[in-house]
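Heads up, the next two complexes both have chain A, just with different partners, chain B and then chain C.
Right, the complex of A and B next:
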């Protein structure tokens, strides 16, 4: 007599394994596919790809994506400079005063911001900065990215700070350190890897964002860097705009840009994993 | 004296930490205020209800209601349908990954799978988008959507001919790949929190793997509901990737093989030019407002359900 229970269970196991593999396979395909389409573009264009502006759509060579690379570096750096101090100080507040009403408000906000559509952040910055200034600017893009980055840095920092053993903090106070000294010399020191991890993940997130930049930085194809108060390009923005055109040259640039973005992302991802491993040791 | 000085110091620390915290707390409030106040003009000329339930999108230099008309229902519908498809597909995927990692895979390989899940969760969404546009969409059109229409076309959801690779279904499938890593994390964390004694009790009854997993999953069913809600929230708020694969046509209907708009793709595509038409930008802010409200409600419920679950 066949054992229906174990047969059912075996079918179930096979199904689970197949579905799990189906779920995990696409990420490898995405990485390989982007590499196969993007890397040849970069190899063909050579250094041009990184230092020149996109060529005309009918030109023989596609040119480069220097405005997008410079824009991404500039806006991500600016966003980090804006977001990290605010997020780290706010997380310190939450860890120091865990039951304060402000802590509850900032926790709820941060959780919501992690989930809110990032295009809404773009609309907010458009309404508050682009409209009054009357123009799209790289600075507005950076502020939008900072808002995207803040909840990641905040969440990881708060987690790291809360995991600092209370005995270390008490030891700090017992040798006569003041609150600010305890926070700076003890708590943040011990938690610094957690903070770094949050920053790395936040940077990876901000760097890959498209939607918040659409109506803030807007994009600029022909100027490599026009200053923070001019429209600015970014790699994801360039990919988004160029892949939707029918021009072969611009499609090539989009694929090359996608490969660059992929490499940047994988680098940050590996760094963030390294940081965790070192914490455990 | 000494006490007084210390408390002044504490005050300074308090305020210098409180101000950044307040700035963050204000962002959400600012977001709600801006979206609401910039939506009000369109509500004044078209009415709240008719803005959200009308299916007409008619930009014009003449202001509504006589010239232009901005009804958001097709975009809301597109957001809901693509997000529902995404969750329906992502749920079996994420449950399978959790079972695979927790119960089938040898322990030493677990870290690799978590690394891959993390890698997917943080991947820039535009990379999913560009892959979806040039690989996934055409593949689905040729091998999934066309057969579905030919053999199951009598079912309303498959009744329209898939004329292009970019459709609601394509967006749903791509979104499912983007959201399942988040659902895995939510389900897995709770699955691991099931007390070992409960699990051992299951085995000691002589349950098969299927019965054992079913029992465990029933214990953490609130976490699964929460994962569904959080996944739905993610799927409905995604912009760049969806805009590339959803087709961007102002359609409404039950057929998922046709192109459509979502709220976020409508905003992404039309916001920049919307300043030229009276009230159009306000209509898009009204779209943003409903997206914000859907997102906040879904996520809050999801988090509350998850928090209540304790072993």
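Right, the complex of A and C next:
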């Protein structure tokens, strides 16, 4: 007599494994495809890829994307410096006063910012900063990226803070800590992994954004770094612009840039996991 | 040894969101004694304890009326942060700070409150607190370990050491052995007895284990639905409870 139960069980296990593979297949597809298209470009261009500007479209070698790499690193760093303190302070306030009118307003704003098309953020910064200054600047790009980052860092930090068990907070007060000391020495420390997770996701988000930069940093493909008050390039912006052209050299640079971005992501996630240890509660 | 009054509670009424939790509580607790607050769940034991270090202030919608004097000071009119520094507290579930080492768990309060001035003073204070909590011998070689490497009972003794590092004259414990095995329970009880004898500490402990109250307390306060139904020396109450509720509780029928 056939064992229907174990047969059924085996069939389902196979099915689940197949479905799981289908679900994660795109991730591998992206990683493999970008590596296959991007890595050869970098090998062909050599060190030039990282330290020089794009070559002319008819040149023998593609040149490099230094303006985009420097721009991405600069604007992402600036955005992080602007966004993290604002977001963490706002999240601390929200976790401390969950029913306060300001908390409700911040939470609603943050939620809608998560949903809003990021190109609108770019247009907002265009109106507020680019127009009055009369020029596209890397700083405006950084501010736009910061606005994109804030709701991510805020949401994750608030969740992390709220998940700290009350008993540790009470213990903090019981040994005579002031409110600010409890937040800084107890709550934020216990929640540090969650806060770091929010920062990582925010940085990743900012690093990969194109739309907010179109009307703010604009792009500057022939100047490696002109200062924060000059137009600035970024990797996603460069990819977006170069992949649309019919020039082989620029298409190559776009693929090489995609590979660099991929490596930056992997580095970011590995570093962020390494530098902050999980607190075992 | 002095036998003044450590805690004097007069006409204490506490309500949370309009619901009365403690009703007209009046008790006097002598210095250098162990007092057990007993009563069934929901009788207001924890609330009474948390009034004494103003941890009750953390609850939203709480209203405290009356007068509570600790060593002669009305703590309801004192800055709550100062009140909390006057006493140490141990909670029902062991809650050492998970992000700090064993050493730093004990040292944090002393450091913040300026109790130890130098690194050497701090080292000595940490050692003293861990010894008094009867934990020193078990952790002296691994003071930098995180607390989750300790057993539950050890963690609770670490929490006792953390409270002692404030050098308090008053020690508050909220069912400190409710989640602890019998061996650790006896160790904590021994530590409390020694603290009373050697350090003249006044100890107030909430318990719903009648045997524990009889083993270590000098006085018993019996609470029922927010009202003190009986208060007196443990020997008298254990042998001859005046109130029906107390005798039922002592017999384990509640």
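Observations
The rule we apply is simple: the second predicted complex is superposed on the first by the 244 of 281 C-alpha atoms of A that agree within 3 Å, B and C clash if a C-alpha of one lies under 4 Å from a C-alpha of the other, contacts with A are read in each partner's own complex, and residues count from 1 in each chain.
In the analysis below, a contact is a pair of C-beta atoms (placed from the backbone, for glycine too) under 8 Å apart; a residue touches a chain by one contact, two chains touch by 3 or more.
The shown structure was predicted, so the numbers you read here are calculated from the model rather than taken from an experiment.
For chain A, the partner with contacts to more residues, out of chain B and chain C, is B. Using the contact criterion defined above for the overlaid structures, shared-chain residue A:274 touches neither chain B nor chain C, since it reaches no partner.
In the superposition on chain A, A:19 makes contact with chain B only, not with chain C.
In the superposed model, A:178 lies in contact with both chain B and chain C. Applying the stated contact rule after C-alpha superposition, one finds that A:135 touches neither chain B nor chain C. Residues 178 of chain A touch chain B in one complex and chain C in the other.
Interface of chain C with chain A (complex): residues 53, 55, 58, 81-82, 84-85, 88-89, 91, 93, 95, 97-100, 108-109, 112-113, 146, 148, 159, 162-163, 165-166. Residues of chain A that touch chain B in their complex: 5-6, 8-9, 12-13, 15-20, 22-24, 26-27, 29-30, 33-34, 37, 85-87, 89-90, 92-94, 96-97, 102-103, 105-106, 108-113, 115-121, 123-124, 126-128, 147, 150-151, 154, 178-180, 183, 201, 204-205, 207-211, 214-215, 218, 236, 239-240, 243-244, 254-255, 258, 261-262, 265, 269, 273.
Residue ranges of chain B in contact with chain A, taken from their complex: 6, 9-10, 12-14, 16-25, 27-31, 34-35, 38, 92-94, 96-97, 99-101, 104, 113, 115-120, 122-131, 133-135, 177, 180, 208-211, 213, 230, 233-234, 236-240, 243-244, 264, 267-268, 271-272, 284-285, 288, 291-292, 295-296, 299-300, 303.
Per the touch definition, chain A reaches chain C in the complex via residues 165, 167-178, 181, 185-186, 189-190, 192, 279-281.
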